[in-house]
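Could you have a look at this structure, given as structure tokens, before my questions?
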Amino acid sequence: MTAPTQTGLQVQGVHLWRGERHVLRGVHLDAPLGTFWHVRGPNGAGKTSLLRVVAGFLWPEDGKVVWNGQETRHLGDEFGAQMACLGHEPALKADLTARENIRYLVGLRRAVTDVELDAAFSRLGIAEHADRPTRMLSAGQKRRAAMVRVLLSDASLWLLDEPFTNLDVAGVELFTGLLAEHAAGGGVVLATTHQPIPAPGVRTLELA
Amino acid sequence: MNQWASFGEWLAMGGYAAYVWPSIGLAIGTLLLNMVMARRRHAQALQRALRRLAVDGNGNGEA
Amino acid sequence: MNAGEGTVPTGMLAAAAATFRRDVALAFRRPGQMLQPVVFFLIVTTLFPLSLSPQLSQLRDISPGILWVGALLSSLLALESLFRADLEDGTLEQWVISGQPLAVQVLARILAHWTVSGLPLVAAAPLVGASLAVPASAFGTTMLLLGLGTLCLSGLGAAGAALTLGSRRASVLLSLLVLPLAMPILIFGARGVDLAILGEPTRGPLLLLSALTILTLSLTPWAAASAVRISLE
Amino acid sequence: MATWTWFHKLGSPPHVYRIAGRFAPWFGWGALLCIVYGLFGGLVLAPPDYQQKDAFRIIYVHAPAAWLSLSCYTAMAVAAFVGLVWRMKIAHAAAAALAPVGASFAFVCLATGSLWGRPMWGTWWEWDARLTSQLILLFLYLGYMALRSAHDDLQRADRSSAVLAIVGVVNVPIIHYSVYWWNSLHQGATVMKADRPSMPTEMLVPLLVMFLGFTLFQLWVLCTRLRAEILDRERNARWLQEQLREGA
């Protein structure tokens, strides 16, 4: 039996160039299951690039990303199933209602029932907007709808890029609670934001 | 061995000069054009690389 | 609400079916847009009689060409934005990390796109055919051939649309990439319609076009999937 | 193990940059020699064709150009495939280097085919199967180069044009046979029947030498342009600085 595979996420010596700029210079991160990481750094420090490298959209020129002991490059789609991303765009089709959008996106991963959807929507405080075309929702409401997708996605690794944008104070608190709860429940959370994250046990990764 | 009576007859190409010589000329011309373009492309790339080198010759050229 | 209370992971085909249903539902939310390729098809095919001659006998001889060129250009029109909207609103990314093979999702998208834009063209084909003096006996084969041809083109167009995702002025570029590859479709399809008009057996072109469609639909999703991944870099 | 190290070494830019530089002159002079000898053999020594008289001599540039345009496209597709699968920048650089010369050979083939057709068919253009499939191949090249220039980021241009090259090369035989099938429907095979095997040796030898000459030229252009493409892609590599400091 090989050495007990290290659970959680390891980023080992990742180098990345974007055109001329050497964006990621040997980034190291050891995020075992149950940890909540706040990725900080000035604009252009490569916060988003790091998340996209971990998610597998960007291939690093050097170094590797390991999830539960296996290199993500070799995991392929399997890794996608264990990860949920919240990017700049809420990934919602304007002409469909929030419920239809989320039922489809979560449905790609697992069977989801209306009961679960209603519970998640009300938990995110947008139960009454769930059945209106997302075109009519405000940016904050769209952000909450996208968070419903992350919540229901059954993924243990959460990658969130500026999750608090467009959120009101209550929203930031709600999201921070959800992230902390997910980490405490044995998941791994990586969140990039410029605001401080007022949650217990948050570790920070500083990108120069 | 030489089947052409005179240089002029060779040029006439049995009456098809108007088609043979443009074809040959076009082919050779394109080869030459490719040669010039390739050399210039390499020279340009070299210039850019040297200029870049001069700009940050000291600093961040790590592999 | 955390992970894994014995939830049933979605199978590949179920996910593809879900994508197909969503795309068709999305298209029906804007029925006007669905009709655009058909209207373009009708307009383009009326250009030929105006520019050539009103004689029906003459039009019948060239009607296969008119039908096919019109159908190819109209479905090409609808192909340009196959992935663009998804790229802009972030849903394309969700496909890549959904845990489902991307090529299967792309195939579902191709079939949905064909249902929404290819079939209306096939439905309009008899109308156009009649205007070009194509005998009613040929309508059946013509519709079958056009259906296969537009499906095959949707496959090629999907790869082309994915390749031109990152670039500006993609519609011109898309035609430049896809049309040379679509010429065999035109050759077999037009020949088939030609034979159908003359009342001769059309098994040859029909089988050739079907083979081409099967080959295209089994290869282009992979090409489109890798092009999508490239555009997300 | 030896083959793998060979393949691996091909992946390292400094190594390829040096050997491309070393081989280029050999290819260049070899091509010049072959083309001069081939043209001399074809235009002066070879007897006229009994049917087409001296017009057939156009074959000495037409056939090699046709062959080169196809072999360039295939080589581009292979380089594209290697570049995509093994993520080797060198392979993408090679594909980028091959495209212009392949396109110009396709153009030369078309133009000389039309010039050759004029005395034979009395028209500048004839929808002959060979010329038509060559025309479509030229369109494929133009599409490839248009896609490559449509992306500003070099890496994305490399990878998306690679996908197109692979899709294209799969379609080349399909296009070829569908055009021949289409052509055979409407008319018998055209009169331009100067197929190579039936040619006497004093006609055939110069032609083979011309093939060799054109191939060597293609390799010379590949080496030269490959070095340029490597310079563009290896902007921040340390080896580049030593290489450039001691002269290109």
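For clarity, chains are labelled A, B, C and D in written order, and residue numbers in each chain start from 1.
To be clear about the criterion, a residue touches a chain if its C-beta (ideal position, glycine included) is under 8 Å from a C-beta of that chain, and two chains touch if they have at least 3 such contacts.
Owing to the predicted nature of the structure, the values given are computational and were not obtained by experimental measurement.
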Between B-D and C-D, the pair with more C-beta contacts: B-D
Between chain D and chain C, distance of the C-alpha-averaged centres to the nearest whole Å: 33
Geometric centre distance via CA averages, chain C-chain B, whole Å: 43
Centre distance in Å when chain B and chain D are each reduced to the mean of their C-alpha atoms: 14
Distance from the mean Cα position of chain D to that of chain A, given in whole angstrom: 48
Multi-chain contact sites of chain C, meaning residues that touch two or more partners: 233
Sites on chain D at which at least two other chains make contact: 153, 235-236
Numbers and ranges of chain A residues touching at least 2 other chains: 22, 59
Pairs of chains in contact (touch as defined earlier), listed by label: A-C, A-D, B-D, C-D
Touching residues (chain side chain D, partner chain C) in the complex: 84, 136, 139-140, 142-143, 146-147, 150-151, 153, 155-156, 159-160, 163-164, 166-168, 170-171, 174-175, 178-179, 181-182, 185
Chain C residues touching chain A - in the complex, by the definition given at the top: 1-4, 7-10, 15, 18-19, 22, 25-26, 29-30, 88-91, 93-102, 229, 232-233
Chain D-facing residues of chain B, complex: 1-4, 10, 13-16, 19-20, 22-24, 26-28, 30-31, 33-35, 37-39, 41-42, 44-46, 48-50, 52-53, 57, 60-63
Of chain A, residues touching chain C in the complex: 55-59, 77-78, 80-85, 87-96, 100, 104-105, 107-112, 119-120, 123, 149, 151-152, 154-156, 181-182, 185-187
Complex contact set, residues of chain D against chain A: 87, 153, 235-236
